[in-house]
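Next, two complexes with chain A in common: one pairs it with chain B, the other with chain C.
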Partner chain A sequence: MSYDNLTALLSLPVMETWMFYVLSALAICLGVGVLHDRVVIRSGFILIGVFGTIAGFFLLLSAQFLAMAQIMIYAVAITLVVVIALMLTNPRLEAERTAEPDDDNMPAMAKFFASCKRNMTLWISAFSFITLYVAISGENRWPVAGLPVAKDQVKVIGEALTTTYSIPFEFSSVLLLAALMGAIMIAKNEPLHDPDEEPKKAIEDSKTQENNLALTR
Partner chain B sequence: MITQQQSVVAPNALKPKTTKLGINLAIAYSVFAAAVVGTFAGKSFAPNGFELVVANHYDLWFCVGLALVGWVFRSVGGHKGAIITMTILSCFIILTLNQGQLVRYLSLSALLFSMGMYGMGQSRNAVRVLISIELMLNAVNLNLIAFSRYVDPIQLKGQLFAIFVLTVAAAEAAVGLAIVLQLYRNTSTVDMNRFNLLKW
Partner chain C sequence: MIPNGAEVFKLSRLSIAWLSIIFGIVWAVCWSIGVGLPMLLEGQFGERVTLINEILKAVTPIVAILVFIPINAMFMVLIERRALAIFTVRKGPNRVGPDGNLQTMADAVKLLLKEDITPTGADAFMFTLAPILFFAPSIFGSLPLLAAVTNNHDLFKILNLPTGIFYILASASLPVVALVMAGWSSNNKYSLVGGLRSAAQAISYEIPLVFSLITVCLMAGTLDVVKIAQQQAGGILNWNILGGGALAGLNQFFAAIISGQGADKALAAFYPYGGLSYVAALVLVPCVFMSFCLYLTSACAEINRIPFDLPEAESELVSGYNTEYSGIKFAIFFLAEFTNLFVVASITTVMFLGGGDNPIPPYLLDKFTPFPQMIAALRETPLVKDLHLINPETLFATFWVIAKVYSLVFFAILIRGTLPRFRIDQLMNFGWKRLIPLSLIIFVLVVFARGFVISHG
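Up next, the complex of A and B:
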């Protein structure tokens, strides 16, 4: 099957809906796995799957260049950096959070409020999702243009990056260079004391001791 | 799947576990109920939205079936993550099945963003916080590319913004993980609750 046939097949509404739901089920399951898995390094490897499914979404949205960039930058580079950082640190936490004992004598409302307090982040994120959804949904809220996708997307992106967005492009390269150097500087394991300072300090100490001895005499 | 056959034998040992699981399950199902309420609230903005939902109630039945499967998991003593995943998935499907294509992508990215927000607030490992931030940045990228596909398919401004977001995310990952490494060297822990260096 050639590539044009594949894009024509994917542009069918039924096919796109099915692909969307399959990919979104994968993305949600893997995302829950990333957040819920107790072993941090396993969640770091599940992250590759999340990024891969999001690259699949980009292909579904016919953004081939960004799908490849997503796989190269996120699914390989960033996940590799995360896994290396996990190997260099010790992900074993000292003590698990002591579960607050559920008092059976507590009234139901107090229990409910205690669980609310414990799961505050869950409530905040669920509320933010519902708010976002109510803001997003509804018909005719977005000016959807029924135009077909441009054939030469990479050409459009390249021209825009070198003409209209050339200054942010250059700034982003400077930012990447600065971030790289800063990361190396921060992560470099430098000793706390300069090794040259030690003998000097010893000599000064002996001098002050001699002076003290001379003063006491 | 973790089954709790041993704890069924000893009913006294079962009790605290069931209350905790019950609280978690109550939270999951209340989120589910809030999502159902939210879908009706969202549909009510549109003309004839409620009738549309009632007319095509196959998605409602699908959702009820998923909730029943979750209940069966719970009665077997199933894994908590499976129940949560099923709840989120059923919420997502019921919320987006009747929507347009752009709204589907936008709500998926909103879901991924809130999941990343939850992980950022809840997890104690600093590296997992960074992973959650990466998830949030990915959700933003998905949002931008959906906009560039459906709203602006000629000039592709959304994809250009996504390229810059990708660049900033790479820089952020490198610097953030270097900071985590240095913190680990100084405090020999990656626990977020123990990073109290700036405490007065």
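Up next, the complex of A and C:
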């Protein structure tokens, strides 16, 4: 009455390889979807799928605890905060910004800087991708540890966090605390000057526009 | 004399009948897929079908849950409506079928036949995905619980995860995303507000919920739900609700008194620091009981039950996130809500109320009743020996689990009938200013008090 045959079938190396390719294809497709989707909030929701597939990678590496933590913290809590923050952004600003002045008669250097500024996200992602690629495919590629997988992973992680890595762990928690306090400061920030006439008018204009939009829908 | 005793009697008769129907069907399905069909195939084809048999056994738990969920939700809707009618002195459903007992079946048929409408301007893909994402976690999230409540039964052994309770919590946090998704994709302001409210509420109440469960895991020394359930075996004093194992020494003491040897030694073994240990045990008992209450409260908020049903406050938001849903999608939301209530009750049973354990300790039970002989006799009958129809080890555990889980469900219904809905600011204040500090204080107290008592972990 054991599951030996089925487990043997599922733990074949070829099965693991196939699962890896399926999961990575899914992760890459969803990642492209996050970048490509026109509706910002929907791309926020697609992010959940990306984090979920990464949790699948952790499961393939038999790191169950990390996979659960990935789902609970990244796929749900953080993405939810991201989605709610995205709902507070104004999608119309994006549409207005594209109408920039034609800069044919600018000097070459200024043109280059302007294009850099416009494509900031692209450059940052290209830079981080190259850094990661160099780091990963360097001299000693993937140091494979010969140790067997620990039976009680939670214990191993807990011990590592409270002994070997206790200082980085504490520093990261202090950093998070500082970020939290900073967020509260920004959120509680009172306006330095009274809003004058022009912004008010702009707000009203945008409101009427919104109403028109809703009506046409 | 109870004033509406006839109604209460009818309710209890109805629940007993329904529960026997539900668990009879689930048991029959489990047996036929997990035991009967493999036995038949093996008798017919011999060794060649071993793989098929193993696959059949592996899918048994999932099939069992899929069969269980719709019947259980139908029962719970009916029992909730009838119980609420008794609490508020009304009649309740009394038109469809004998005494209104077929009301939920009529509702189910109506929901399945209704047209499935996607509103104009809605994000159709997300609109369809949301109910699925809401429902799926309640199926696969409750799988480790099955292993825990059946005491690692042979059919459900495959579900036993070393990170059991963390897995359950992770999958229980997924539906929140689905609610926000449903609210946003409906293209309706009320839905959106309902979705955002549910997100705010779930994030706030997740913290005390996790802390209260961590307290129990700390006392147990493991995250494995099966181990936690097994540790609590042996009478009500061993259950986690009473100090998370702090009274296990007392239990041993009573056992020693009954058997008449080494009574003083038992106490010294479990409370090694004398008076300090007794103080620690006295601190642990109310602390863990309070974290039980904390768990029930924040779980109520997590699954949007009254008095925390702000996301679907019908007086303010029409129906909240599911305003625009109709037909089968609404039915899925509905099913998932009742399943979540059941899952929460099962988690409470496993983590605090000892799983399938008898509240009367075995040293009393075995001395004065013929239960061990009964089980031994049962093991010899052909039904058990040849057909494996009944597992004598888990037979009584099953009855206890059902009784405990449905008592908690009834308690939730009682709360629904008693308390009014919170306002959103009251809800947030209650969560952040009362529950979270309380859970942190309990956690710290338990961390220190645990060192002085020999408990489960």
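By definition in this document, the second predicted complex is superposed on the first by the 125 of 217 C-alpha atoms of A that agree within 3 Å, B and C clash if a C-alpha of one lies under 4 Å from a C-alpha of the other, contacts with A are read in each partner's own complex, and residues count from 1 in each chain.
Methods note: contacts are C-beta pairs under 8 Å (C-beta built on N, C-alpha and C of every residue); 3 or more make two chains touch, one makes a residue touch a chain.
As the structure is a prediction and not an experimental result, all values here were calculated from the model.
Asks: Does the superposition put A:Ser166 against chain B (first), chain C (second), both, or neither?
Replies: Neither partner.
Asks: Could you look at A:Gln64 and tell me whether it touches chain B, chain C, both or neither (first, second, both, neither)?
Replies: A:Gln64: touches chain C, not chain B.
Asks: Of chain B and chain C, which one touches more of chain A's residues?
Replies: Comparing touch counts on chain A for chain B and chain C gives B.
Asks: Quick check on the superposed pair: does A:Asp152 touch chain B, chain C, both, or neither? Answer first, second, both or neither.
Replies: Touch partner of A:Asp152: chain C, not chain B.
Asks: Once chain A of both complexes is superposed, is A:Ala77 in touch with chain B (first), chain C (second), both, or neither?
Replies: Both partners, chain B and chain C.
Asks: In the overlaid three-chain picture, which partner chain does A:Gly33 touch, first (chain B) or second (chain C), both, or neither?
Replies: first
Asks: Going by the contact rule set out at the top, does A:Phe129 touch chain B (first), chain C (second), both, or neither?
Replies: first
Asks: Identify the residues of chain A that lie in both the chain B contact region and the chain C contact region.
Replies: After superposing on chain A, chain A residues 65, 69, 77, 84, 153 contact both chain B and chain C.
Asks: Report the residues of chain B in contact with chain A in the complex, numbered from low to high.
Replies: 16, 19-20, 23, 26-27, 31, 34-35, 38, 41-43, 45-47, 80-81, 84-85, 88-89, 92-93, 95, 99-108, 110-115, 117-119, 121-128, 130-132, 134-135, 138, 141-142, 145-146, 148-157, 159-160, 162-164, 166-175, 177-182, 184-185, 188-191, 194
Asks: Show me the residue ranges of chain C that touch chain A in the complex, using the header's touch definition.
Replies: My answer: residues 50-51, 54-55, 57-58, 120-121, 123, 126, 154, 158, 161-163, 166-167, 169-171, 173-174, 176-177, 180-181, 184, 196, 199, 203, 206, 223.
Asks: For a test of understanding, state which residues of chain A touch chain C in their complex under the given definition.
Replies: The contact residues of chain A facing chain C are 1, 3, 5-6, 9, 39, 41-42, 45, 48, 64-65, 68-69, 71-72, 75-77, 79-80, 83-84, 87, 152-154, 217.
Asks: Which residues, counting only chain A, touch chain B once they are in their complex?
Replies: Answer in residue numbers: 13, 16-17, 20-21, 24-25, 27-29, 31-36, 40, 43-44, 47, 50-51, 54, 57-58, 61-63, 65-66, 69-70, 73-74, 77-78, 81-82, 84-86, 88-91, 93-94, 97, 99, 101-102, 111, 115, 119-122, 124-126, 128-130, 132-134, 136-139, 141-145, 147-150, 153, 156-157, 160-161, 165, 168, 172, 175-176, 179-180, 182-184, 186-187, 189.
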